[in-house]
Every structure is written in C-alpha cells, then in structure tokens.
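Next up, some structures in structure tokens.
Two complexes are shown next, each including subunit A; its partner changes from subunit B in the first to subunit C in the second.
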Partner chain A sequence: MSLSRSSAIPRSALTTMAASRRSVLRGMALSGLAVGGANMLAACGGDSGGPATGSGATVKFGINEAEGSGAAYDRLKAIGDAYAKESGTKVALNAVDHNTFQESISTYLQGTPDDVFTWFAGFRMAQFAENGLITDLSDQWPIDGLNDSFKQASTAPDGKQYFVPISYYPWAVFYRKSVWEKNGWTPPETNDDFMALMDEMKGKGVTPFAFGDKDGWPAMGTFDILNMRLNGFDFHMSLMAGDEQWDGDEVKLVFDTWRKLLPYHQEDPLGRTWQEAATAMGKGECGMYLLGTFVVDALGENGDDLDFFTFPELDSSIGADALDAPIDGFCVAAAGKNQEAGKAMAKWLGSAAAADAGNDAADAPFIAANSGASTSTYSDLQKKSAEVVGAAANIAQFMDRDTNADFANTVMIPSIQDFLKNPDDIDGITASIQEQASSIFG
Partner chain B sequence: MTTETPVAAPTARRATPPARKEGGVLSKRRGAVATTIMAVLALIWLFPLFWALINSFREYDYTQANGYLSFGGWTTSNYEDAWSRGNFGLHMRNSLLITIPAVLLTLWLSSMVAFVLARFSYRFNLTLLGVFLAANLLPPQALLIPVFRMFREIPLPYFMSDSGSMLNSFWALILVNTAFQMGFCTFVLSNYMKTLPHEIYESAELDGASVWRQYWQLTMPLVRPALAALATLQVTWVYNEFFWATVLIQQGDKLPVTSALNNLRGQFFTDTNLVAAGSIIVALPVLVVFFALQKQFVSGLTLGSTKG
Partner chain C sequence: MAHIDEAPQPTTQPSRAVAPPQGREKKLPARDRLTVIVMVTIPLLLVLGLVWVPALLSVVLSFGKWNGFGDLDTIEWVGFQNYHDIVTIYPAFWPAIQHNLIWLGFLFLIPTVLGMLLAVVLDREMRGSRFYQTAFYMPVVLSLALIGFIWQLFYSRDQGLINQVFGTQVDWYGDPGINLWAVLVATAWRHTGYIMLIYLAGLKGIDASLREAAAVDGANEVKTFFNVIFPVMRPINMIVVVIVVIESLRAFDLVWVINKGRNGLEVIGALVAQNVIGEATRYGFGSALAVIMMLISSVFITIYLRNVFREERRG
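And then the complex of A and B:
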C-alpha cells in the first residue's frame, strides 16, 4: 500500500515546473495502479471495498466551508445530501473553514485528500493539473447546461478539463438605491459622466468610492478592472500569465490612472477592512463601492436597497465589456481513493439539479453556472448579476485566481499596498514587480 | 533544632531592613519606581486582552455602526454563537485527546532520559544532553516537509486511523508534540535531578533497590514539583500548538480547538466580536490550568534554582 501511495503522488508538486515526460510516466503509473491498488486497499479491510458508485459506495467530499458557518456551508451540505439521495452513494463530508482549506491545499492534495473537493477555476486549477494533483475530467464533459465559456474556464493549458463549475459572482460598482434616488444620480455610461458624477459627489461632501485594503486582496479588484478597461482583456490575461512586462507603459498607465482616481477614494485604505468600507457605503458616507456581490454580507441586510453597474469605460476604443466574475466549482483529487465515484459525482455537481439543491437550501449572492438551473429563488441582485455577466464579452477570474498564487500573494499584495502608501513612486513599484515576476514566471 | 529556629528568625528579620536601606536590593523610592513601571507594562500588555473581552460582549452591528470607541450594544449571544458555530464541544474533545496523552508521554519519556543522564556517568552524557537541547532549538518549520512525507508513508490500520496513514490521525499529533517537547523537559528534569543528594541513592543502592526502583519509587516522588511545573507549561504549549495541527490534519472534524477558531471566519466576512468571544473561550482552559497549578509552577521553578 505504501508503495502505491508513493508512486501515485508526485514528489515535486510544490515546484511549479511541469515536466512532461514525468507526467506521462505518472499517468502510466496511475492507470496501472488503479486496478492493483483497488485490490490492495480492499485487502486492507478498509472502507474502500465494494462498488465504486451507487448504493454501498462512499465518496469523500471535501468542502471549504466550516460546519455551521452559515449559508455557504448549508448550500454545500444540501448539495452533498441531494447527491447521496439521487445516486445512493454515501457522501462523507469533510468541512474545513475557507481560509485553512485554501492555505493548506498543497499538503491536502499530496496527503490523504477527499475524492471530490471545492476549488476555483482559472490558473490555480491549471497549476494543480500541470502537477498531476487533480484528475482529468475530460471524459465527463460536455455537461448539459454548461456552455462553452464555462468549458473554457474548466480547461487547463493541456486542453483537457479538470474542473466542474457550479456558481459565480460578478465584481461591480455597488451603490445604495435610496441615496442615489435622493440625489438624482444615475449610473454613468461614459468616462465623462463618470468623472462628472464623482465631482458632484465630492461637492456634496460624499466620498465617491469606499475603499479598504487592510487584507490585501480587495484592491486587486481595482487593479483588474482598470487594467481591463485601459489595456483590454487579452492584455490583462497575458499579463496575469506572466507573458507581459510589468514595468511596461501599459501597467504604468494603470497605476497612473489609479493615482489620479485615488483622491476620489476613501483615504488611508490600508487601515480599513472591506467590511468597514462597505459599512461606510451602506451609511451613505461614500457613494459607491467596487466589490463582489458578497458586499451584502457586511451590511447585515438582504440587499433590497442595493444596486450595481459595471465599471464604466475609460478608453472608448476598448469599451467596458470585460469584468471579474470568479467561478467556484469542484475538482477530483488524483490521490483520492475512489476515482470512479469522484468523477461521477463531479459530473453531477455540474448539473442543474446540484445548483437547485444549493439555491433551495440557503440564499447566497451567487448565480448558478448551469443554464438549466431554476432562477425562482433569485433575489433582484442575483437576477441582475446573471444579466450583467451574460452580457459581458470577456470574463476574468480575479487576480489571485488568474495568476500564480505565490505571485499574487507574496508580490502583488505588498506591491499594491506600497503603491497605496506612496502613489507617486510608480516607476519603483513596477520595476520591483517585474523583477519578482521574472523570477517567479521564469 | 525546633526551638532554635523561631529565635533565630526574628534577629535575621531585624537585620535585613537596614541592609536594604543602604541600597542593597530595592530602596523605597526605587521600589515605587519599579512598581509603577511594572504596572504600566502590565497594563499595556493586558489592554488588548481586556479590549477583546469587552468587545466579545457587544453586538457586531452596534460596533460597526458606532465604532469601537462607543459604549453599548451589550449581549452574550456572541458566546452562544461562537460555541455552536465553532462546534467547540467536538474540538475541545479533540484537543483533550491530543494534549493529555502527549503531556503524559513527554513527561514519562523525558524523566527516564533525565534520570539516566543525571545519575549515571557515561562518556557521552553531555553530548546526549546537548543533542536533546539542540533538537529543541530546531524550528519545526524546517522539519515540515520531511515529517509530512514520513507520516504519509507510515501505514496505520484502519481502526487506528481512517485515512490508513499517520496523516489525519491524532497519533501523528501526539507523537510530533512529544518529540518537540522532550528536549526542553529532559533538560529541566536532568538539572533538577542533579540537585538531589547523592547519599539517598547510595543508601538505596545499599538497601538493594534496582535501577527501576530508584527511578520510579525514589526519584519520581522527589521531582514532583518539577513535574507539576512542567505539566503546566506543557499543557499550555501543546494545547496552543497550531502549526502541526493545520499541517497534519486535513479533516475538519479532527482539528483541535485552536485551529477550529478559524471556523468563525467566513470566506469574505468576519464578525470580529464573534472571533473575540471564541478566542476567550479557547483561552479559558489554559488560564484555569495555569491558575490552578500556579503554586506548583512557581515552587517548581525556584526549588531547583537555589542549589548549584
């Protein structure tokens, strides 16, 4: 048993280099051991004996929400229960809180992972696919109701699918309907409208943008949207992939525009969490807030008095048809013991039935990926989210999902914070990012 | 003897105050300054704890709307919520199942090593003690990957660990904690044992006590204060241990209570008052152990210090 374990799990999963010859060998070892390994496990008298799916089988389901943590957990639990009911397979739930799950994902996948686990689309999924830590699901695709853009988001650079999406949410500019009605403000269409609106807000003593970056990640959303508006979606994605220069004119333009917009933001963002910033917007001290739809969580209300618009265009030759809309979903761990059951469950998780089970269990500001999912329980915010994302031509995943995780967390978070502390040193900051980027992306 | 001591004591006491006034230990003025400094430092140190304690009794909505410098919004619901949402009953039990065996095992093994190091002269005695100490200075982070891989390769029967390996089992945490705490315990215990009079062992030897008996029935009762002091410290350290638990346990329902504190944080949203309440609940057992065994702790630390 220890033998099968040692050869089935890649030894250098922590390194980011992809050795194609080794992954081929690894694939051969995996498929060769699938038969022998199952027998050996059964001989150990473990719970892995018996049928792979259907009644009597168990599939382990790792989720990134702690038990009792509210709506997000209730949704995943309901999805697991619905699958158990429908397929007869027993679902063993392993609930770990979101941050711990994310921080220990490397040890999790190399240790004794569950068969199916919650994860994100984008570069972070692709990294695990390259390292052979997650299972190829291309034989489960296409899945009814998931369109091509979701298939694209589930595909690693090798052209195979390793991911099944369930839901997503957009990043947009949120505002209080009542405050805007009182002042007669309307969502801006053009750059001129936008600037005029912000000047008027300032004139009335309202800070146009709520802003908080104490945790480091919220300001990434601002960078993403400015980059997509100023340099276009394609440049943004290749910049994230490490194929463009961080100290080039394009990125400098982003920071320079940001520097000019900073006077319209709340001051001292590094001392404020996004929750405090959201509260300031909720109280009407700030006019609007660029964030994900989870902004309603911090306001302690159902969001009836909230509305949003996509960030207006800054360059008319580029337009405003791209936005961040992170997709959540599931992967099958390569070291999971019951691969067959994992794959079968993953396929079901992409179905409309799975999305409905989650939506019926608890409200959350997310929208189902499957086009067949019922929208009857959707709030106005969710309906509008679906509309806005549906209208977008290009969808990014958010910086920390679109690029190397080490780069996002150890380079971009401190760099953006440095910029917010000292917005005039753009040359120094971009040079330092580029230097670190070239050592990470090689 | 017994009549002499009470007589001698007053003279000694009378003799001490003048010595102090001449600037020996602490004059009155210096004492006042020292007390003030210590009081200020203690206040600075305790302030965040009090702040957390106060805010753990306040509603999040109230503090968010009025700021933390306001006054009001009192509630105890944070504690009820923290207990049920964090599932602390289960995680406290996990912590108990890890801490108690680990502390007992550490004390037992290190007292045996310490006994041999203190009572018998081998050529490698000092080297051995040095190795134990050196291991204690090694940062656990440096051993993360080797330990993780080693534990992954060690199979356990399914009735001991449902993952089939050392990962995801309490055994792993008990062993790791024992290994990392043994160095310090061995060092303290062997120093303490060296202070025991050699004559006791000579008489024991003459009376025909075996080595085991010298250890179990002679040494162990005599080092009880040191054991109690170490037990207090060890319970605190093992209970508070966070690093190995997050690395070696990946199953949510097996995490000890310190790691389970994270359960109170959401993916995006964090109710800080709730987390404060949770932290107070998690800190309570340590405080109880510490205050209950405080006497042993102090006497255990000072008893060894006065002798060579």
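And then the complex of A and C:
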C-alpha cells in the first residue's frame, strides 16, 4: 500500500510526459475484444427451414478445441461425425481455441451461439442456467449408463438438469512406479504414513511434492483437496458457493496445514509451470505430484511408468472419500436456433456410442462418463481412474469450476499466490479474501 | 469578456499577431474547402465513435456492478463502490501503480540512453555497421508475446539457460522481488533497438556542415554531440519521450504472457484485462480500473500538451 515509490519517477520525465490515447483505447478495446471474440465464435449459417432433426436438418455444434489441437479435437470431431451418420442430421462443426472459447463464453451465449456446445459441470453451468442462457434438458434425463452422481453434477440449483456429461478426469497424487519400487515406497493410507513417507523422501534427498503455480490455477487443486480432507465436502462446496466465511477458523486451518506441508513441496512454485514440475517428478527429483491425469502429457516416455493414489486422509472423522474430478460435457444454448435438434443431440452425446466414437478416433482416449462405454482402449491409468472416481462418495469439480469465475480468477489466484509467498501471513490473506468475497458475492 | 482583457497578458499579445490570418481560409476554392471538411469530419467521427464514446460508456459502466449476463437493465448501480473497493480492498492495485511508474522510470534511464549511445556509435560508418543495426533492431519486429516466450527459455528456474550456465537457482519469473526487473530487461532488449533506430534516422538527417563547423571551432566529439547535435534533434527527442511514455503506460503484453500480470508483475493494463476479458466478467470493476488508467494518462497528456504549446508560443 505504499505510494511513496512514485517519487522514483524522474522529475524531468514528469514534465515532458505524454500519456497515450492508445493506452486508453486499450482499456476500451479490451471490453470490445470480448465482444469481437464472441462474434468469431458464432458460426455463420442461416436458419434452415427444414425439419428439426433427421435428414435435411442441421445442428450447430460448438466445440472448445481448435482444429489440429490434437486428440481432444479428434475425439469431438469424430463424435460429431458419428452423430451425423447415425441420425442423418447434418452437424455443422464450429471449432474454437480452448481458451478463447472459455473466455468469451458469456458473450457467445448471449449472441448467436451454436445449438450444442462443449462445457463443464459446476457453478458456471448453474450460473448460465439461472440466467436462462442454457436449455433445460430434464426431459432428456435419465440417460442410459449415466449414474446418479453424474445426474447430480448435471443439475442446477433449481433441480433441473442442464448438462450432459461425456468424460472426466481425477485429481490425485501421481508417482513413478519404478522410482517407488526401487525405494520401497508404498502409497500412504493414514496421515502418519503420509508424514513418515515424506520425511523418508526428504532424508533420501528427494523433494516429496513437485509443485508449480506460475499459471495460478494448479495450486487451487491443493487448496481443494486440503479443504475437503480437513473440513469435509459439504463445507467445501458451501464455501465455494460463497456461503461460508473465508476468514473463519476452517479456512485458516486449511492454510495452516498447507503452511506445514510447504517444506515438503518444491521451492519457488510461482516461477514454475506445471509442465516443469511434472518434468521434475519424471526425472525422479521429486517423489510425487498432486495434479490431474493430464500430468501424463508432460512426462513423455515416463508416462507409462505412472501410477497414483488419492490424497490420504488428514482427519479420521472426515475420511478421504472426496476428490476433484472435473466433468466435461455438453449444454444446449437457449439462444440456439434449433432447440429440438440440440436436445436430441445432447441426449445422444451422453450415450456409450458417443463416447466410443470419440475414443476410437483418437490416440489418447478420455475416461467416459457412461458406464456402458468400451474400456478396451483405456490405459491402466485410466482404468484405475475410473475405479477411483467410481468409488468416491463425493466429487467436486475444481475450484475455478465450483465457484464464481470472477472470484476464482481475480481473488483466489492472487491470494493463493500471496500465501505461497508469505505463508506466515494467514490472517492477513484470509481477511483480504473475505473482504473481496463479500464485495463479489454481495 | 471585459475583465479578461484587463489582465496583463504579455505573452499572448505577440502570439496573436503571429497566428495565421483568418482571411486566408475564406479564400479557399470550394473544392478545397470540401476536401478540408471531408478530411476533418471523417477522422473526427472515427475518433468520437471509437475513442470518446466507448471511453464515456466505460466511465458510466464503472459505476455499476454487472457480470455480463442479461440485458443492460440488470446492471446494479453502486456509485463509487468499485473505486472504493479498488483503493481499499483490491490488493493488486497499489503495486500495479507502483510497477507502471517503475516501468516508466526504467525505460527512460536505461534503454533510451543505451539506444542513443548505440545510435551515435553506429552512425560512424564503422565496419559491419549494417550488421549491428540489424542485430539490435531485430527484437523490435518480434511481438512482445514472442519475446516473453524467448526470455522464458533464459529465465526458467529449473530449465532456463541463465541458471544452467551460472549454476544458480534464482526464480527469475516467480520471485516477486526480481521478476519485474527480469521483465524490464526483456523489455529493454526490445526497446533499445527501437530508440536506436529512431535516433539513427535523426542523426542521418543532420546537416554535415554543422559537425564541420563545430570541428573547425575546436569542439571535441562529446561537446559537439551535447552542444550541437543533441539540441538540433529536438523533434526526435520529443518523439522519443512520447514513445517511452506510451510504451510504459501500455505495459501489458509481456506480463500477460508471463503470468497474466500477477505475483509481482501487476500493471494496470493487465488488471483491467484480468477483470474484463478473462474468464472473470467484472465489467463494472474492470471499467473502473480502465477509468483510473485513463485519468493517469490524461495527467501526462495535459502536461505534455501544455509543454508543447508553451514551446510553440516561445518559438
């Protein structure tokens, strides 16, 4: 809060300074960018006067993977093609870069969106539902092969379903099998085992946890799991919804526990990307890494050597039956032109056939939400992921999907980074989070 | 009106006399007048439509709270709440102001001076001068986004060149006490070439007879530069000042590429973007930040314009 440094500016500079209109323009352009982005998102194409579904009809399918972006695009493309073949409806694919899609979503949905689009389960899906931006799909549910926990994840606070899941991935503690075998380490069951394991790793000169938070979001996973282990799933979800105090004892306990665990993490996380942290684990410099299954992408040939366990319990009265497992899927845009076709396609997208079509077409399969989907292309890691998530009593979506996006991005990312810089200032950080939370949640 | 004339205004008297006679305008043929009107109104409309209208709307929006869902009537008007929140509970704001000012001071002190020095040296037609010019200018043609990536290869804590070569473990981009300076070095790498080119062009345009005259009078190189060449390059110096201020106020791209303007790299431009174009849609809050940025810019514009007009009057 010190303005005193403003005197660092040379006096001679001050008198001759010219401010730029461009910098003002930039501020303006930024808001314009969001709008422009949305226009790009919206595929062109006029209304078709033909039937809603079946041959002669067109359904517009907006996906959050740009063409050529790898397996994720290949899967979605194949799914679209398979639906076109099966139903006779023409599928007009609108492929948009992942981040662009995510960042322009609200203007996209209020402009001229595609009929069906890729999205995630969680708070923002519910927020779209509350604002009438996505279509009620409760008449399409139940969908064969999608169990109750997926139905729950697809449900907005009004009790109706607005989402159809297709795949998910768990956040867990990953490690290299060969490294652990060589050292005789085994996945810890209790908190004592866990601490003992980490101490032993340190003793052998291995940093227990790889850790990188340059991008701001990876450390949210650590907060989530600690909160779920220490305060339970229900408190976590209610905290995310803005109904609990961020400066209360529960949240302070999370940060305090994290502070005690930090010496077991890689130092200087704020300059390290998750890929670099994963590489450190791949090289055996670190024993394990708490991340999503996408950690494989950064490991190269060591990917086959990977195994994981869910984060162990920290409080025996709470247990260890909750985890982050973000679910990907589809929504139907309320402003989409062809509602009937959109709904029909959404229902099909939840089927085992849709998941299989996607997995058959790409090198790297996803873990299908539908229990009837074929698992023949799965790696061992994915089979185990499916088991672990299936066994979990409660599934959270990850902080930036479970809470208000404004809050997650502008408050939690900088606050967690502040905590990692000054782990001893827990009172100051939680107080600041609470102040901003009350301003945002209102 | 009368009392204004009463006040002694020694400086304005002569300037009035110098001012272009109004009569000349009336003598323009109709065709030319049409051209003038078209050439003035079209840019004027563009400036109004693209700069002033959005700017004013942004000011209006800054008094509201709106997440972008629903129509404009869903905006909740909160008065000065956003501004109050920014200066009291938004932890990133004051560091951002400080960083922008450091940025400005740094660009003036290091790359500008260095660029000028390089220009003077390269102007002497030494061997390989063309090669050096190209080498120093090369970074300017790269986008700042690309520069952020290139320097990541140097600065990465675990895999970066600097730490590998020197065997250090400095967290160049992650340590909030260092990363601003690391970024400024990367900016300077680009900015120096830019300034160099501008001065080089300026130096080429200077009449050689000036140097000869100075040499005949017995002035050495350094004296010639500071007493003869530098003052003659006044228009170039003004341009450089403007460019440096623009560059430092719009500092954005590089920090955005590195860590989206967080953790020691907060700058106002990045804060606006974080709140408005990312996944977050705090349009009111983001607009309030943009308005603050605009006000800061206006201070510099005012100082600059006053300075320019005063100089003109003197001249």
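Note that in this section the second predicted complex is superposed on the first by the 389 of 442 C-alpha atoms of A that agree within 3 Å, B and C clash if a C-alpha of one lies under 4 Å from a C-alpha of the other, contacts with A are read in each partner's own complex, and residues count from 1 in each chain.
In the analysis below, contacts are C-beta pairs under 8 Å (C-beta built on N, C-alpha and C of every residue); 3 or more make two chains touch, one makes a residue touch a chain.
Small disclaimer: the values here were computed from a predicted structure and weren't measured.
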Touched partner set for A:Pro157, first subunit B, second subunit C, both or neither = neither
Please indicate which partner A:Asp297 is in contact with in the superposed arrangement: first for subunit B, second for subunit C, both, or neither.
-> first
Please work out whether A:Gly390 is in contact with subunit B alone, subunit C alone, both, or neither, and reply first, second, both or neither.
-> neither
Which superposed partner A:Thr107 touches (first subunit B, second subunit C, both, neither) | both
Name the contact category of A:Ala95: first (subunit B only), second (subunit C only), both, or neither.
-> first
Which partner does A:Pro142 contact after superposing on A: first (subunit B), second (subunit C), both, neither?
-> neither
Where does A:Gly372 make contact in the superposed view: on subunit B (first), on subunit C (second), on both, or on neither?
-> neither
Looking at the overlay, does A:Ser69 come into contact with subunit B only (first), subunit C only (second), both, or neither?
-> first
Which partner does A:Pro263 contact after superposing on A: first (subunit B), second (subunit C), both, neither?
-> neither
Dominant toucher of subunit A (residue count), subunit B or subunit C = C
On subunit A, positions contacted by subunit B and by subunit C | 1-2, 5-6, 9, 103, 107, 110, 276, 279
Of all residues in subunit A, those that touch subunit C in their complex = 1-3, 5-6, 8-10, 13-28, 30-34, 102-103, 105-107, 110, 127-128, 131, 133, 214-216, 267-272, 276, 279-280, 400, 405-406, 408-410, 413-415, 417-418, 421, 432, 435-436, 439-440, 442
Mind pulling up the subunit A residues that touch subunit B in the complex?
-> 1-2, 5-6, 9, 41, 44-47, 62, 64-70, 72, 94-100, 103-104, 107-108, 110-113, 273-276, 279, 283, 292, 294, 297-298, 300
Contacts from subunit C onto subunit A in the complex sit at residues 50-51, 54-55, 58, 65, 67-70, 81, 85, 89-92, 94, 97-98, 101-102, 104-105, 108-109, 155-159, 169, 171-176, 179, 238, 241-242, 245-246, 249-250, 252, 259-260, 262-263, 269, 272-283, 285-287, 289-291, 293-294, 296-301, 303-305, 307
Any idea which subunit B residues touch subunit A in the complex?
-> 60-61, 64-65, 84-87, 148, 152-155, 157-158, 162-165, 167-168, 246-247, 250-253, 255, 259-260, 262-270
